[in-house]
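In what comes next, chain A is part of two complexes: it sits with chain B in the first one and with chain C in the second one.
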Partner chain A sequence: MKRFFKINRKIRNTFHKRWMLLSLIVVIAMPIVLGVGLYLKSAMLLEQTSLIKLLFSKEWKPMQGLFGLWPFIVSSLWVTILALLIAGPICLLAAIYMTQYTKKYFLRMMHPVIDILAGIPSVVYGVWGVIFVVPLVSNHLAPFFNTQSSGYSILTGAIVLAVMIIPFILNILIEVFRNIPDQLTEASLSLGATHWETVKHVLVRKAFPGIVSAFGLGISRAFGETIAVLMVVGNVTQIPKGIFQPGYPLPALIANNYGEMLSIPLYDSALMLSALVLFVVVLLFNFASRMAIIKLERHT
Partner chain B sequence: MRKFFKLLEERIFQGLMILATYGIAVVLFVIIISILIKGLPSLSWEMLSQTPKGGFYFGKEGGILNAIIGSLYLAFGSTLLALLIGLPVALYMNIHLLNRKKLVNTIRFLLDLLWGVPSIVYGAFGFSVMIFLGMRNSLLAGIITITLFIIPIMIRAIDEVLKSVPRGLLEASLSLGSTRSETAYRVFVKQCIPGIITAVLLAFGRGIGDAAAVLFTTGYTDYIPTSLSHPTASLPLAIFFQLSSPVPEVKDRAYASALVLTIIILVISILSRILSRRFQKTKINF
Partner chain C sequence: MDNQTKIHIKNLNLHIGKQQILKDINVQIPKNKITVILGPSGCGKTTLLKSLNRLTDIYPDIKVEGSIEIDGQDILKVKKRDVTDIRKKMGLLSQRPYPLPMSIYKNITYGLKISGRRRKRFLNKRVEHYLKQASLWDEVKDRLKDPASALSIGQQQRLCLARGLAVDPEIILADEPTSALDPVSSQAIEEKFVELKERYTIVMVTHVLRQARRIADHVVFMYLGEVVEQGSAEEVFGNPKEERTKAYLRGAFN
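Our next item is the complex of A and B:
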């Protein structure tokens, strides 16, 4: 009996180990399968037209077989960069304030706020964008800059996106500032620098790689955000000339056309190519940012 | 004079910092308030307890029960599946591969990369696999797609907790004669249960709130699915579709549905705090 029990335990151990290993292999294979799968689907289109031409052509006429992704890429860039311009400084200031100027309990109080902001689904952000940000842009911001806008514009998308990536960037920045040794601050203060001078010349300089990578991760998050942006950005196929004009980012393009993509030849191939572009861009940004963070950790 | 400017600069930036910090809290407040104001008037018991009736999309009777149930099915199914794959991976990384730091760090790096991949990419990928296999829009396809999307999140969240378990605990357990898998499931899981609950609920929240991954794969239907091969409605898509309707009553319902989803997310967030505090007791303190 005892002997049997022992074997049983061993078998169980082996079984668990096999299952663990199998799961690990599945997880590791995932990005490769994802990339290869998307490439195979877009290969049909790539055989006909070169990648450069597809990426930089302005003609998006699926019925005639013209799939230029340039207007969508430009829209995506506009929205993403603008969102980072709004969210970046706010996050930086807030992170410095929470880690350097306040007591510990304040950070503990703010944590639920950040967590809830991070947890709100993107579709709810979209609804909020429609009921709050769209009127704000069309009734207040656009007249302020002497233009007209329906409210469904690049700027609206960027504001909504900015709010969505704030908790994400903020969390990383707080971590970055917390990991800077106190001695640095103390040394600077003891030499007679004011609190702000210490922040400006010592902390920010020391944390600079961390800040850059936090922003990089924010960019990759914003670049792939779909539903919330889709709901407020207007979705007009054009190269936007100003922030009050509607745009049509890449993720929105994929999401909007899934229904009809099987009825037009090569359409699905074009959409899979845009998914592949998103995948590659996000991976590259993530890769660079994570590398920078790892380097930073090694130094401190 | 120089001192004056120095002080002025300090004051200005301090003001900006306070503004930024409180601004973030205010934005959360504004979001919740504006969803409440718009959603509360059209939220009714009828809406929560009925499936869409004829003419629902023109403002007639019915509710979004199909979407609520569908979303819960999707989220529960995918969280379970992700836990089944994710927990062993996290344990394997922290127990079996403990002495192979480089390999583990590479896996972590890979998972961090995957964490950032937008859900629409998973959705598009899931869709093309579905077409390739000749499957139709279904609950199963949705569950699998969401699982792919939440696995990296779950593994990294669990891994982050397991990392903090002292090596001594592993050595103690092994020296008492238990196998590695026993150590993993009976000692490590027990020790980290608060963190694992948080990770599971985090993944659940992601799963229930994500629209882009299910947009392609689950389809949409007015009925509550009774099998894995049926198409399924989901809350995010219900909100999305209703909001794009020109009928004001339907739009109001979209706001109410958004309120329902927000409440679910808030409940999950509070639940994870309470549960992780409650299970703190089972932890061995060092």
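Our next item is the complex of A and C:
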């Protein structure tokens, strides 16, 4: 009986090892399979038109076989950068406040709240955007800046996105600031600096690699976010000339059109190419922010 | 109060949350001497040291009562915005060196710049002066612009000493300043302290009994948040009165 169990355990061991290895392979292979698949699908279009032309041409006229992605890329950039400009400073200040100026239990209390915010489905943020942010932009913000807007605009998309990535970035930043040893703060204070001077000159600098990567990860998150943005950004194919105009980011393009007009030749190939662009950009940003941490940490 | 006493701690009680960490501490720390705080791990040595320059302020969970007089002024009564002046009177060396995340040069000028000294010529001179005082100048004079984190731990600790001296303090607070260092670097710091006590009042926490015997003029022995015994080094080491002190000196708590 004992012997049997022993053998059994051995078998189980190797069995589990195999499973773990397999899972690991799946995890590693997934992005590669995804990337290659997208590339193969978009290859048909790439044979016909050069990649540079597809990326930087303004002409999106599927019926005539023109698939310029530039308006979508520009819209995506606008929305993403603007969202980070809104969310970044808020997250930074909030993280500093929560880690430096409040009692410990406050942070313990806030952690689940932030996690809940991060877990809300994005369609809920989208509905909230339509109900609150769209009117806010059309009735208040646009008149304030002396322009007109339907409310469905780049800015609206950016505000909704900002709210969505705040919990995500905030969580990382809190971790970054919490990992700075108290003794560093003490060292700075003991040299006669005030708490605020310490935050400004020492803590932010120490946290810099972490801040860069948090923002980078926030960007890649924002760049790929689809449904909430799609609901409020207007989805007009144009290069937006201002933040109160509607735009049409890449993820919205894919989500809105895939499966719809696939009778048009090369249309699905063009959508696959936009997916590939999205995929590569997000991957690059993730990679770059992680590299930034490693590089910068060596320098401070 | 006599003018030989630099720091006079009276009835100091300190709580972290509901836990009492320091119990009715009464200590006199003599001027221009090395006072060593001894005691087993967790007895509150670091906490006592931190309350001396109000570093306890930054932890909202800590409550301090009693008084700490430095040159006759109760620093616990000083208003929040004047605390930086108190802190500038003291240089702090922690258990492990924590260089500021900037260049060697800027680590030294940090405190000076904070107090508004910005003239390049002046700063250059100070940097050289204090790095020499901490016996670090020859090793780093060609790479002042390098990040301080590139230095070895022993060099970092001397940099922290130089940085602390640069704000022109009267007191040096050192929390096991040699515990992360190799024997050679430790000895360098020890010798430095003996030399520096001419001009500074030094309060040092240590675990190393032999080190205490080598350099202490005055000894404070703590146990579980209380001061058990204090006095001159000859008294406490030569003729301890309390049982717990005797036990500690025999090595019973280690």
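Here, the second predicted complex is superposed on the first by the 287 of 300 C-alpha atoms of A that agree within 3 Å, B and C clash if a C-alpha of one lies under 4 Å from a C-alpha of the other, contacts with A are read in each partner's own complex, and residues count from 1 in each chain.
Simple rule for what comes next: contacts are C-beta pairs under 8 Å (C-beta built on N, C-alpha and C of every residue); 3 or more make two chains touch, one makes a residue touch a chain.
What you see is a predicted model; the values in this text were computed from it and never measured.
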* Check whether A:Ala187 is in contact with chain B, with chain C, with both or with neither, and answer first, second, both or neither. => second
* Asked: Which partner does A:Thr226 reach: the first (chain B), the second (chain C), both, or neither?
  -> first
* Asked: Does the superposition put A:Lys104 against chain B (first), chain C (second), both, or neither?
  -> second
* Would you check which partner chain A:Ala255 touches, where first means chain B only, second means chain C only, and both and neither mean what they say? => first
* To do: Check whether A:His201 is in contact with chain B, with chain C, with both or with neither, and answer first, second, both or neither.
  => second
* Asked: Considering each complex separately, which residues of chain A are in contact with chain B in the first and with chain C in the second?
  -> 101, 194-195, 197
* Asked: Hey, which residues of chain C end up touching chain A in the complex?
  -> 50, 53, 55, 58, 60-61, 84-85, 87-88, 90-92, 94-96, 98, 100-102, 110-111, 114-115, 147, 149, 160, 163-164, 167, 173
* Structure fact -> Within the complex, chain A is touched by chain B residues 6-7, 9-10, 13-14, 16-21, 23-25, 27-28, 30-31, 34-35, 38, 85-86, 88-89, 91-93, 96, 107, 109-125, 127-129, 131, 148, 151-152, 155, 179-182, 184-185, 202, 205, 208-212, 215-216, 236, 239-240, 243, 254-255, 258, 261-262, 265-266, 268-269, 273
* Asked: Which bits of chain A are touching chain B when the two form their complex?
  -> 9-10, 12-13, 15-17, 19-21, 23-24, 26-28, 30-31, 34, 37-38, 41, 89-91, 93-94, 96-98, 101, 110, 112-117, 119-128, 130-132, 163, 166, 170, 194-197, 199, 217, 220-221, 223-227, 231, 251, 254-255, 258, 262, 268, 271-272, 275, 278-279, 282-283, 285-287, 290, 294
* To do: Could you please specify the touching residues of chain A with respect to chain C in the complex?
  => 100-104, 181-195, 197, 201-202, 205-206, 208, 299-300
